[in-house]
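Take a look at the structures listed below.
Next, two complexes with chain A in common: one pairs it with chain B, the other with chain C.
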Partner chain A sequence: MKMMIRKTLLLGILFLISGQLISQKYYTRDGKVVFESDAPIEHIVAENNKAICVWDTESGAIEMAILIKSFKFEKALMEEHFNENYMESEEFPKAKFKGLIRNMSSVHLGDDGAYTAEVEGELSMHGVTRTVVVDANISVENGKVQCIAIFEIAVDDYDIKIPSIVRDKIAETVKITVDLDLNILNK
Partner chain B sequence: MTRFLFVFVLVFSSMIASGQDDLLSLIEDDEEEETLFTSALWKTTRVINLQSSENVAPGTLDFRISHRFGFVNQGAYEFFGLDNSTIRLGLELGLTDRLMVGFGRSSFQKTFDGFLKYKLLRQSSGKKTMPFSLSAFGSMTINTLKNEDPDIEVLFTSRLAYAFQLIFARKFSTGFTAQLSPTLIHRNLVETTDEKNDVFALGFGARHKIGKRLAINAEYIHVFPGQIADQYTNSISIGVDIETGGHVFQLHLTNSTAMIEKGFVAENTGEFFKGDIRFGFNISRVFTLWDHKGKQPK
Partner chain C sequence: MVVVSVVSLATGYYLYQMPPKNLSRVKTEVTVSADELMSSFEDNEDAANKVYLGKVVEVTGKITDVEIKDDGSAQLILASQSMMGGISCNFSAEDISEFAGVVRKGQNATIKGKCSGYLMDVILERCVVIKLIE
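After this line comes the complex of A and B, so read on.
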């Protein structure tokens, strides 16, 4: 009898631990990433609706990836130059982000509300990896999780050179807007 | 019992480890891989004289100004050929991802030309892999020279010529692209009995990028023997492409005068290797008429 209780207890504990370990994850396959360059002569906006992201709410780990070629520009020639001359997307097809929500304990995705998540991680693109720190606005409404982050990056940091002849057309610092509608990953 | 626990802990810790290692792999497994079309095989729609496998993007209008000067070996009196120039002005428009249309007027035989170019296959990787691009090109030209001989009646149909081409192209690496262009020229009327109405030829083109905005191009068009008169030669050209924002400048040395297929394939004069070389250029300026959403740009 004593043995039985111990066994049940143990199983119960294991179940609890496992429940915690197989933690909840959120994901998207159609996240939106907008690239915006505001230079004196030309305002360039490109949109990509194919970002993938997985967020482990237990550990706070978050990862994103995006295909550079999936950015759509207003002008076809801008898209060609973006891929050919600046991002060199045949050589570096993806941009990736791997980071951590530092204040995960104060972000409660189970409860409706608005939260600010402090994200820190490594952004890799064009063969260069750099640390990025950004505040993301998380809103939970009826269980739906939306995550918006806006930040700026200096193109020179990623070894992207802008020739002097087009300096008035392409900004040295571009604005990146990430907008994700996350769903629970059932796995 | 302890062993039982131990195994469980092991299993779970391994799960955590794999879970935290690469989160994206959780959804990448069943992610539908996309087909990625290889872009920018060439900087513009021409290799030099030959049509390249590139089209003008849908909604983009390409205004092309092309010149070919006289032979450089005419010497200083002719300012090394620059005193004479042959011109083609063209307006070319991308209609869809695959289809483009172009119109032009050449000073060579005062010719109007119109053409269609359609991408049958597009080089791609990913979900669907296609090792090369294949385009079909067809053009019609109308020679509008005045008839100088009152004894001969020149029918309208006699002024027409056609060109048909298949363009097989492959971007082997970011820097190197090559293409093969089997070509058929049909002229309704030819000048002499030495010339065939139908002329078959094979065009070769290649480019090597020497910078992000600079490339070296070369092309050669081989006309199969016995189809053209003896004074005609095969077209050989070498040049550079310089890209600056919305413009592409192509500067070249060639033995061809005409900038339409009928001329540079079947009626080409000048022995390239005997110094009959002309300087020439194509300038392409593109304007966006509508974007990929069908809207006019601001």
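After this line comes the complex of A and C, so read on.
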């Protein structure tokens, strides 16, 4: 009996240790998010270099957050309008994404190579939360993990109103590019 | 009449084309220590946002990390008592160029930047160096 308890305990401990080894997290706090609006009269690009992301490779859970005010525009007035009129960043300072890699079993961050990760999750910004499904291109080279995802969102879906007078200057659908260099998170 | 409208249109266009202002010529709205800035966000983020979000903030603290990127832009981290983060001060290549060779870990610095909020770090954008002390 004693023997059995000991064995169970030992197994339990081994399981815990191996679990810790497998459960690895990747992260960045300098991720890049580019916002691009291509309207007939004006092409607008803004870049944010301060995205944070944590990716748990065991569960496939991935979380991201950015500050709206960290988007940098080429023109001061664009930045002002983006923050004050459209994103209302005083009231909604962050955009967040919380999701899951659906095919985690076929993405091997430990091995060099190229993978496609199917990401599904909830994107929250401007007080609205919506489901987003996007394929991310993952490349692993010499242990360095890069993750790129490109997708489009309709500004109307997030309750962002564009006055008709600037319709020719701001696209109804904007392109979002996420570009992350992920490192192993040391506990 | 025509002249006035041409002039105002030209002025409007000129203003519209203006790039974002360099902060060294913008007045500081809040002056604070790195510790105090971090702890106010950790204690109550909503309240801290009301004080700092979008404001031009002058922060003083010890530099714990210097990162000069390939494109010449840079990030300096100012220490805080927090385990999780510090004050992330982000510089364009142009704004850091004068200090790129001299800035080091361990120096005390006063940095002016525009606060865009709090993730793990408190983030300041468009930073300029006001003072460096060995």
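Observations on the model:
Heads up, the rule we're going with is that the second predicted complex is superposed on the first by the 166 of 187 C-alpha atoms of A that agree within 3 Å, B and C clash if a C-alpha of one lies under 4 Å from a C-alpha of the other, contacts with A are read in each partner's own complex, and residues count from 1 in each chain.
As a convention for this text, a contact is a pair of C-beta atoms (placed from the backbone, for glycine too) under 8 Å apart; a residue touches a chain by one contact, two chains touch by 3 or more.
From a predicted model like this one, the values you see are computed outputs, not experimental measurements.
With the two structures aligned on chain A, chain B clashes with chain C. Contacts of A:102 after superposition on the shared chain: neither chain B nor chain C is touched.
Of the two partner chains, chain C is the only one touched by A:94; chain B is not. Contacts of A:175 after superposition: neither chain B nor chain C is touched. Once chain A of one complex is fitted onto chain A of the other, the partner contacts of A:32 are absent, as it touches neither chain B nor chain C. In the overlay built on the shared chain, the residue A:49 is in contact with chain C alone; chain B does not reach it.
In the superposition on chain A, A:83 contacts both chain B and chain C. Touch criterion met: A:69 reaches chain B and chain C at once. More chain A residues lie in contact with B than with the other chain of the pair chain B and chain C. When both structures are laid over each other on chain A, chain C collides with chain B only at 94-102; the other stretches in 4-12, 76-84, 94-102 or 184-192 stay clear.
For the contact definition in use here, the residues of chain A common to its chain B contact set and its chain C contact set are 29, 50, 52, 65, 67, 69-70, 72-77, 83, 90, 93. Of all the residues in chain B, the ones that touch chain A in their complex are 1, 5, 8, 12, 15-16, 19-20, 22-24, 26-28, 31, 34, 36, 38-40, 57-60, 94, 174, 212-213, 244-246, 286, 288, 291-292, 297-298.
By the touch criterion given at the top, residues 15-21, 49, 53-54, 75, 88, 90, 114-121, 123, 125-126 of chain C touch chain A in their complex. Of all the residues in chain A, the ones that touch chain B in their complex are 6, 10, 14, 17-18, 21-22, 25, 27, 29, 43, 50, 52, 54-56, 59, 61-65, 67, 69-70, 72-77, 80-81, 83-85, 88, 90-91, 93, 163, 165-166, 169, 185, 187. Those residues of chain A that touch chain C in the complex are listed here as 29-30, 49-50, 52, 65-70, 72-77, 79, 83, 89-90, 93-94.
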